[in-house]
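After this come two complexes, each holding chain A, first together with chain B and then together with chain C.
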Partner chain A sequence: MIRVFGWNEFLVIVVAAQWTIALSAIAFAGGSIGGLLIALMRVSEVRAFRLFATGFIRVFQGTPLLMQLFLVFFGMNIFGFAINPWIAATIALALHASAFLGEIWRGCIEAVPKGQREAATALGLRYYHSMRHVILPQATRIAVAPTVGFLVQLIKGTSLASIIGFTELTRQGQIINNATFSPFLVFGTVAAIYFLLCWPLSLVARRMETRFSRATAR
Partner chain B sequence: MNMVSEIASAPRSRGASDPAVRMEDVNKWYGSFHALKNINLTVGRGERIVICGPSGSGKSTMIRCINQLETIHSGRIVVDGHDLTAGGRNVDLIRQETGMVFQQFNLFPHMTVLENCTLAPMKVRGITKAEAEETAMKFLRRVRIPEQAAKYPAQLSGGQQQRVAIARALCMNPKIMLFDEPTSALDPEMVKEVLDTMVDLANEGMTMLCVTHEMGFARSVADRVVFMDRGEILEVATPDTFFDAPQHERTRFFLGQIS
Partner chain C sequence: MYEFNFTPVLASFDQLLIGAWLTVRLSFAAMLIGLVVSIICAWGKTSGPAMLRAVINGYIEIIRNTPFLVQIFFIYFAMPSFGPKLSPNSAALLALVVNFGAYGTEIIRAGIESIHKGQVEAGWALGLSRVQIFRYVIMKPALRTVYPALTSQFIYLMLNTSVVSVISADDLAAAGNDLQSATFASFEVYITVTLIYLALSVGFSALFYAVEKMAFKYPLSR
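== the complex of A and B ==
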C-alpha cells in the first residue's frame, strides 16, 4: 500500500544525509593522503614513481566512477572478503579521490616557480624540508579552490554508492519513493539537501579564489 | 653544528692550500647540446672572479654546477677540498658551504624576511630559533635592511629583495658565494645598492664567483675576469688586461657590444 509523503518521510531523508556526509568525509580524508602521495610521486625524480602515479591517474580519470565502485565491490568478493557496501564505497571513492586530487595537486606543485626549489636546494635544504617548508605551503594556496571544487564533485559522486546498496541520501530517497510514490517531492527533497551541502562549499571555493588572486597580485 | 662537518671531513686533510673551487675538464650536455666544453678553472680562497660572455654561453650553467644545481657528465669539480663527483654526502656539504644569489631573487614569498633567513640554518644546521634570528639580524644589518625583517618579500623593492637574498645566503656562513646576474632584474636606480653590498662582501675576503655584466664592478672588485663563449672559457685575465688588451677577437667584439 502507498504511504503519504509526510513529515516523517521527510525526516528520514534528512537523517540519511549524515551517511552522505560521512562517506564524503572519509573518502576525502583517504583521498587527501593518497592524493598527496600520488602528487609527490608524479613530480618525483624517480621514473618508476612517476610512471606508477601517471598510470593510476589515467585509469581512474578514464573510467566511470560507477565502474570503479562495481569493480571494488565485486572485486572484494572475488578476493574472499565479505560483501560490504560501506567498505567498498569508501575504498572506491578514496581511490577515485586520490587520483583526482593527485592530479590537481601535481599541477599546484608544478605551478610553484622552479627557482623556489632551486633556492631551497642551494641553501642546503633537502627534499623533505624543501617540500614541507617551501614548496607545499605555496602549492597549498593555489590548491584550496580547486580542491574544494573537487570536494563538491565527490559529494555528488557519493550518490552512485546507492547502486551498490549503500543507504545514503539518494538510496534513502529511492526507498521512500518506493513506499510513497511521490517522486517529485522525494527527489526534490533529496536534490535540495545535496544543494545545501554543496552550495556553501562552492561559495567558499570562490572566496578562496579571489583571496588567492589578490594575494598574488600584491 | 658547524663542527660536525669539520670533523667529518677532517681525515681528508683539507688545508688552507686547497683552492676554493677546482674544475677539471668539465663537460656538460643538454640532450645533444654541448653546454660546457672542457672547462678548466681554479679559484683560490678569497679570490673574486667575474664571469661574463654573451647570452647562452654557459655562464649560469657553469656556476650552477659548482653547487650541483646542474650535474656534469664528465670531468671533476672539487669545492673546498670536497670532490663533488664522488656524489652523495659531499654534495650536501658543498651546498651548505656555498651561497647562491639568483637573478630573480627567489625569496620565499610566504615567509617574512626574517623567516627567509632563518629557515635553512634551523633545518640544516639544527640551531635554535633564537640563535638563527640573532644571526639573521646580524646579516640584515650588514645589508642595511634590519628594519624590514618582519615584512614579506612582496612588500620590498627589488634592490631590497636582492639584499635579503644575499643576507639569507650569508646566514649559512658560506665559504663561497655564487652570484648569477644579481642585478640584471633590477631597476637601474637599485643596481648600486646591491653592488655596494657585494663590494662590502668582497672587502671582507669572501670567495666570490659573479656572473655579471657590470663592468665597473668587474674592474674594481675582480681579481680575474673569465670570458665565456659557446660553452668554452675563451679568456681568463686580470681586469686591466681583460678590458685594455683582450686577446680574442670574440672578446673584443663582446666588449664593444656591451660598452
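== the complex of A and C ==
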C-alpha cells in the first residue's frame, strides 16, 4: 500500500528541518572556535603554526566534504568509538567549517591596516591584548558578511550528512519518498525548506556587503 | 589496535584511477556546457528584457540557496514525473551543468560589468558589429578578469561531483564505494580516494595557474 503525500507527510519533513538547523548550529559553533584558531595560526609569526594552518586549509578545501564525512565516520571506528552518524557529522562539518572560516578570517585579519598592529605594539600591548582589543574588533566588522555567506554553504553542506545515515531534512525527504513515491512533491518541499533557510541569509550577506563596500569606498 | 591493510586497495588501484579519469571528464564536460549556459544567462541578465532577467534571477537564487544533493535528487527522481527519465550519468551531468550555470552566470556577469561603458562605445564608433563587440570588447577582457574565480569554481565543481555517486553515476567516489563493498577496508579505501581528490585539486590549481601565466601574458593597456 503506497501512502499518499498528505499534510502529515509534509509536517514530518518540516519538523526534520530542526535537525538540519541543529547540525548547522553546532557545526558553526565548533567551526568558529576552530576557525579562529586556524586564522590566528595562519597569521602567526611562528613558522610551524603557519605551515600547519596552511596545510589544514589546503586539505579541507581540496577534498570533497562527502569524503571528509566518510573518513570521520569510518575513522571513528578505528579509534575505538562506536559509529554514530550524529557525532561523525558534527565533527566532520566542524572541521570543514574551521578550515573555511579560518581562511575567510585570515583575510579579514590581514585587511586590518598594518599600522594598527604597530600602534598597538607602540602602546605596549602584547599579542593577546593587541589581538583582543585592536585587531579582532576591526576584523570582525569586515568578517560578518562573508561569514554569513559561508553559513549558507554550511547549511547546504549538512545535506550530505544524510548519506552517512543522519536523519535530517534530506534524509527525511528520502524516507518519505520511499513510502509515498511522490518525488516531485517531496523533493520540492525539501528544496523549498532549504531555500527558506538559506535565502534570507544570502540576502542579509549581500546587503551587508554592499553597505560595507559603500562605507569603505568613501 | 587497528591494523591498517592497504593491500587490497593498492591491488585495485587501477579501478580508482579509472574513477578519477571519469571524475575529470565529468567535471570538464559540466564546466564547458555550464560555461555556455553561464554566458547566455549573463548576457540575458545584463542586456535582456525585464521578464528574462527575472527568470534568470530566480534560477540563480534557487540554485544557490538549495543543496546540490537535493538538486540532483530532484533531477533524477522527480523530473521523470513531468519530463524525460535520464540515466544516472546524464542526470549527474545535467545537475552539475545546472548548478555550475548559476554560479558561473554571476561570475561572468561580474566580468562583463567590469568593462567600462566607454570601451563598448568605442567599439560602436569603430563600426564593430554587435557580435564583434560582445566577442572582442566585452568577452576577452572580461574572461581575463574572471579567470581566477572561474578556476576556483571549477575546483569546487570537481569536488562536488563526488555527490553524484549517490544516484549511482560513475565517478571516483563511486569507484571508492564499489571497492569498499568488495574489500570492507572502508577507511583505507576512502583515505586513498580522498588523497586522489586532493592530488586532482592541487594539480588542477597548478595547471590553471600556469595557463593564466601563459594565456594572459599580453599587457593591460589603459
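As a convention for this text, the second predicted complex is superposed on the first by the 214 of 218 C-alpha atoms of A that agree within 3 Å, B and C clash if a C-alpha of one lies under 4 Å from a C-alpha of the other, contacts with A are read in each partner's own complex, and residues count from 1 in each chain.
We adopt the following convention: a residue touches a chain if its C-beta (ideal position, glycine included) is under 8 Å from a C-beta of that chain, and two chains touch if they have at least 3 such contacts.
Nothing here was measured: the structure is a model prediction, and the numbers come from that model.
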Overlay on chain A: chain C relative to chain B, clash or fit: fit
Partner chain(s) touched by A:S159 [first = chain B, second = chain C, both, neither]: second
First, second, both or neither for A:F187, with chain B first and chain C second: second
Contacts of A:Q138 with chain B and chain C, given as first, second, both or neither: first
Contacts of A:H129 with chain B and chain C, given as first, second, both or neither: first
Touching partner for A:R58 - first (chain B), second (chain C), both, neither: second
Partner contacting more residues of chain A (chain B vs chain C): C
Which superposed partner A:Q116 touches (first chain B, second chain C, both, neither): first
Distance of closest approach, chain C and chain B, by C-alpha atoms in Å: 27
Parts of chain C lying in touch with chain A, wherever the complex brings them together: 2, 61-62, 64-71, 73-74, 77-78, 81-82, 155, 159-160, 162-163, 165-166, 173, 186-187, 190-191, 193-194, 197-198, 201-202, 205
In the complex with chain A, residue positions of chain B that touch it: 67, 69, 92, 95-96, 98-100, 102, 104, 106-110, 119-120, 123-124, 152, 154-155, 165, 168-169, 172
Interface residues, chain A side, partner chain C - complex: 58-59, 61-68, 70-71, 74-75, 77-79, 152, 156-157, 159-160, 162-163, 170, 173-174, 177, 183-184, 186-188, 190-191, 194-195, 198-199, 202
List of chain A residues in touch with chain B within their complex: 113, 115-116, 118-126, 129, 133-134, 137-138, 141, 218
